[in-house]
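Following are the structures in question.
In the two assemblies presented below, chain A is common to both, partnered first by chain B and then by chain C.
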Partner chain A sequence: MTRPVATPARPEPSTARPAKQPANLAERSWWSRNQRSLAPYVFVSPFYLLYGLFLLVPILVGFYLSCTEWAGLGTPRWVGLRNYRDLLTDQSFWAAMGNTALYVLFTLCVVVPAALLIAQALNARGLRGRDMFRMTYFMPVVISPIVISVVFGLIFDKDYGLVNATLQAVFGFGGVDWLGDPAWARVSVVILVLWRWTGYLTIFFLAGLQNVPRELYEAAAIDGAGPVRRFWDVTLPALRPVTAFVAVTVLVNTAQIFDEPFLLTQGGPGESTLSVAMFVFRAGFQRQQLGYAAAAGVILFVVVFVLGQLAMRALGVGRSTR
Partner chain B sequence: MTSVTMPETASPSSAPATRTVPPRRAERGRLTGRVLLYAFLIALLAVFALPLLWALSASFKSRSEIFSYPPQPLPIPGNLDNYRGLLDGYPFWTWLLTSTAVALISTVVSVGLCSLAGFAFAKYRFRGQNILFNVMFSSMAVPFAVIVVPLFIMIAKAQLTTPYFALVVPWVAPAFGIFMMRQFVEQSVPDALLEAARVDGCTEFGLFRRIVFPLLRPALGALGVWSFLTSYNSLLWPLIVVSEPGDYTLPMGLQVIFSATGRQYDLVLAGAVLAAVPSLLVFYVLRKQLLEGLTAGAVKS
Partner chain C sequence: MNGMSRRSLLRAATGAGLGALALPGLTACGSSSGRTVSSGRVDVSLWTHDPGYIKTFQAAAGDKALMQGSRFDYRVKATNAAGSDVVTRTIAQAVAGGNTPDLAGVIVDQFPRVMGSAIAENLFVDLSDTVRPFEGELLKLAPYSVDKIPYGLDSDNSITVLYYRQDLFAKYGIPEDLDTWQDLARVGARVYDQHKVSLGMVSTGDNGAIVNGFLQFLLQRGGGIFDASGELVLDSAEAVEVLEFMAQGVRSGFLMSLPDPYGAVCGAALKSGRLAAAAMPNWYNVYGLQANAPEDKGKWRMRTLPRFAGGGHVASILGGTAFCVVKGKPNTEAALELLRRVYLTREGQLLRYHSGGFLPTLKSLYDDPELTSVADDYLGGQRVFDVYRAAAADLPLYYQAPGMQFLSDLLGGHILQALQGKTSAAAALKAGIRDYRQQVKR
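Right after this comes the complex of A and B.
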């Protein structure tokens, strides 16, 4: 893994170089004269080629499909904006939108602060085993979602699950139907989101905290600022870029949430945990309503894209460092 | 946060302030703080590790033991029946091979393409650079759900649903990877070195191959693990695009066993444990690079 792309040959010895290079500038080819200004275009072109083929074209096709009715066979039938009109009156779609909004709000308001808190704890001076903690907390993201779904399906099981057994042992009550009751199913999905992503976000905050100069804290302490004051006036401002990055990532990614509800509850019971991405998947690949699925995709695209861009602008993420 | 500096290392100016608290009590407060801190971190350790250990333990249990009440923490007596049943009944090794091969190919290609593009964005000034960068960067905010239906149709129509095309080619140049690489090139490749090589007659691609690429080694590791894990663990896209059972990836295969006949938890758990081995191995070997690589973009800009 040290060198994934093999370099074909070692650079030839420098004595060979002058021979390769024509002494007279006029003899050099057009390419070698202009290579410095053309090189960046050549270097970025593979990305834009793939971008065009596998992102731009599908988006455009998606816009077209969203105005058709199509079950995958024959030719799509143009229906104008009917899919959009139907979506706006579709209870399932609104349920999916509501659930997705809930997941996004939960991640922003609970997962992100929890990650910040854990990062604070990990940043304590002289902490032993920091790397071990950090690594273990990160592990849920490394594991395949299918593994997670199987394990959590077992743990949340109503009759045999570890959670209910523990509740029973500790509080004498453990009859929660985690995956079968609409409200508890939402809670389960949200717990899974918390479990899976908190450690991931923690490493961003920890990296940010480790970049805050210690002198700032010492100076604040000398000025008589207590721990709380230091957190608000030193830590939070210093973490601004990281927080901005995390917030935008979380917003954009959670708005597209699919794995957790799909694997844990299949969107159910009923439609209580259905997300918009699952709605698209279900309409497109289980119900063969390709046009309808495309229209829901377009709505999700517009919402996520606009929110993402607004958040990036507002928080200044991704600007060049120069 | 409590200060844990030893009295002798504390700066002289803060010493009088600490003296107002009797030394004994301060010492004890510090100790309680430490104990609470470690208790908190170890409790979290359990929260994050327990489900995975639970899966490991359950994979050695028989079906009835998995669903015994109250749940048994350890598989006593443990057996390998689940593993045997999985390996005998399903083409597990084929799935593993497909997943690993697809992930490795994606990784090699995307590391190359992303570092090349990241180098261009970091070290060249060219017309349209800002627009191109913004287009690239904002593509991260395009939900997969919007392209999934049309992309599937395109690939199905072109009859390219083989895993080695459909699971690799559309995903080999992730914008996130380019962004990460740009951050790294800006930090670790000095302009003077590039200029010196140019004076010596190095071509622009030669600069990349001989100077930038070797200097980026830690970053390549980071992007490498990231893209390996992303590809190896992906589930939704393979479920959509791959239809031949012979072409299944590992997560797909497990999903199919899981959803097909009455939730075969026993077999799937064994498969889940085996499936996690390569990802955990890759993660363990390259954890430093990955964690630092992921945070490079967030902290620096």
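Right after this comes the complex of A and C.
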């Protein structure tokens, strides 16, 4: 850190009030001596204070809790790493991890590309009713979860559901037990994820597309590139920073997925749609195993943190493209 | 930089935050202190999931006859929350030393959460002395007891009866007085085959609903999940028989599989007449039938359940909510007296029935003229206490244990597989018990 170039002029000794004036630098207050170098830290301190209070402290307390057995009342009992050891042999936890991995994979492989394609379509010249389309795609994000739960419960019902009725009318079969069969229940959850988040991600891609210089497309067209080639060679490279941001965000958020399986299937049938976040919720707030829940939460945190870091490095998030 | 380094500054800030948050979070535990209110005006805070209880307690507070001789002048300050949230928030507030309720309405399937780690003992008033004068008279106390100490008074007996559409029974030639489930299942299979109409339902939704539906039949058959000492007794011939009966019912169409017995799909089944009967508790009349099919007023009737050929009871139970008094608070004494007046007196029990439709929990009330004369318009003017009296006289006992939540989560999927014919009843129960034992050994 460089020192200030301009130093304040030393005060002239005064005979009028000599007792109140410091005789030399050593006699000045600590704050007076350091205020210039400390001032920036004072200004940035609110952030670090909040960062400490609301991020570091919960992480540290969570880690402490994860090494205890605590039902909520009374004093937590220290059990060391026992909760972690138990988690490794808990089939419910591994089921939740497997389901969560499936949701993450689906979101990255289907939802993100779908959002990109929809954004590309919405960005097309001459598209009428663009605002209406944008609003329609964005609407699922703002609909109340309770409404989603009721409506999708009806849509996916085996006997009275819209999906089965449509399948029956169009293809002549419609007996899929969307919410009662473990495999189909997972499919139902990922369909809900697709419906709920594709439009939201589309907004990011649309913003990115609108910043792609039109000259690049014109140059590519002059070189004889068709629409598909222009998409691969112009659009995708230009959208790389946005895509990287969306992919990392989606990875981190989907790894903590809770709403969709909770709303649609409550983690069932059995534990076939249980996610890790639901596992944590269930252990902490339905079974009063706060230490165990904290241990699962710490594992989730570590996994998400590591994956997020790896993804950011792989996709070059935060690095200059030059 | 002189004086304090950046690292030191950050370390100090983090340390201060850690101390500020961790200290109250980890050490505060227990109830708020204050001077005990022993007479006069008292604002009792009530947390519940059901507006019916709010109405009941507020009506009780203003009922001069019921409150005659009380030292307290009650006001009820109610907070409505989801059933599971009442327990979660009560515990959280107790941990934080915050604002716990004076009276907490705990749904029966949430009570196991307070059965372990001495939570009930630390949080709620021991009601042993309160209920002692009513020994043998109270119908349902066991599910809310820990080590045989009661911590909650049930609001309702949740007596399961058979509701049925009398007009559809007549139309399809179904006798209304069949003695056994086996007889009804045989007729039901024929009715489904010919008319695609079911005479009962099983839940295939969340694990709790699946297990509750199974438990309802199991209790009627004379089985149970836990015994009085909290030991698992699910590994029984009765359990296998009941699950086989349910699976067979689903296969034949006699029982309709529904995700939610109270939701929109069930409403559609009721409205369309595809569901012509249902074994459900007394409260299903209001919350299930009347809510989903108000236009069917006068068409429904109820009776005691057909017996299982192998034995058991003519009634069962499903659901319920107990009210617990939070201990160590200024209003604890007042809240306990309010609970006693509303739940353990004839006047209180009558008020509860008239305010919220809650059935008496004292046996003698089932012969009370004021109740025996009650006719239900939705049930075609049927005198419902004729049925409730017979059912209350043959109610099965029901015990819970701290592991009930585990069992519910783990057993649900296996039961569902049996209902879908993917595994046998015996194998499903065996797998569920194995999973449960693996998880609770921790």
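The rule is short, and it goes like this: the second predicted complex is superposed on the first by the 262 of 322 C-alpha atoms of A that agree within 3 Å, B and C clash if a C-alpha of one lies under 4 Å from a C-alpha of the other, contacts with A are read in each partner's own complex, and residues count from 1 in each chain.
Simple rule for what comes next: a residue touches a chain if its C-beta (ideal position, glycine included) is under 8 Å from a C-beta of that chain, and two chains touch if they have at least 3 such contacts.
Predicted model only: the values in this text are computed from it and were never measured.
Residue contacts after overlaying the shared chain place A:D86 against chain C, while chain B stays out of touching range.
Contact with neither chain B nor chain C is seen for A:P261 once the two complexes are overlaid on the shared chain. Touch criterion met: A:T75 reaches chain C, while chain B stays clear of it. Look at A:G180: by the touch rule set out above, it reaches chain C but stays clear of chain B. Contacts of A:S37 after superposition: both chain B and chain C are touched. Once the two complexes are overlaid on the shared chain, A:G270 sits against chain C while remaining clear of chain B.
Touch counts on chain A: comparing chain C and chain B, the chain ahead is B. Contacts of A:Q286 after superposition on the shared chain: chain C is touched, whereas chain B is not. Using the contact criterion defined above for the overlaid structures, shared-chain residue A:Y48 touches chain B and also reaches chain C.
Once the two complexes are overlaid on chain A, the chain A residues touched by chain B in the first and by chain C in the second are 1, 37, 41, 48, 53, 57-58, 61, 72, 150, 153-154, 157, 159-160, 285.
Residue ranges on chain B touching chain A, taken from their complex, read 1-5, 11, 13-14, 17, 37, 40-41, 44-45, 47-49, 51-52, 54-55, 58, 66-71, 107-108, 111-114, 116-117, 119-121, 124, 126, 129-130, 132-133, 135-154, 169-173, 175, 178-179, 183, 186, 198, 200-201, 203-206, 208-210, 213, 217, 220-221, 224, 229, 232-233, 235-236, 240, 250-251, 254-255, 258, 263, 265, 268-269, 272-273, 275-276, 279-280, 283, 285-287, 291-292, 294-295, 297-301.
Taken together, the chain A residues at the contact with chain B in this complex read 1-5, 7, 11, 14, 17-18, 20-21, 32, 35-37, 39-44, 46-48, 50-51, 53-55, 57-59, 61-62, 65, 72, 118, 120-122, 124-127, 133-140, 142-155, 157, 159-162, 165, 168-169, 195, 199, 203-204, 206-208, 211, 218, 221-222, 227, 230, 241-242, 245-246, 252, 255-256, 258-259, 262-263, 276-277, 280-281, 284-285, 290, 293-294, 296-298, 300-301, 304-305, 308-309, 312, 317-321. Residue ranges on chain A touching chain C, taken from their complex, read 1, 30, 33-34, 37-38, 41, 45, 48-49, 52-53, 56-58, 60-61, 64, 71-76, 86, 90-92, 150, 153-154, 157-160, 177, 179-182, 265-272, 282, 285-288, 292. Residues of chain C touching chain A in their complex: 1-4, 6, 9-10, 13-14, 16-18, 20-22, 25-26, 29, 84, 88, 91-92, 94-95, 113-114, 116-119, 122-123, 204-208, 210, 256-257, 259-260, 263-265, 268-269, 405-406, 409-410, 412-414, 416-417, 420, 435, 438-439, 442.
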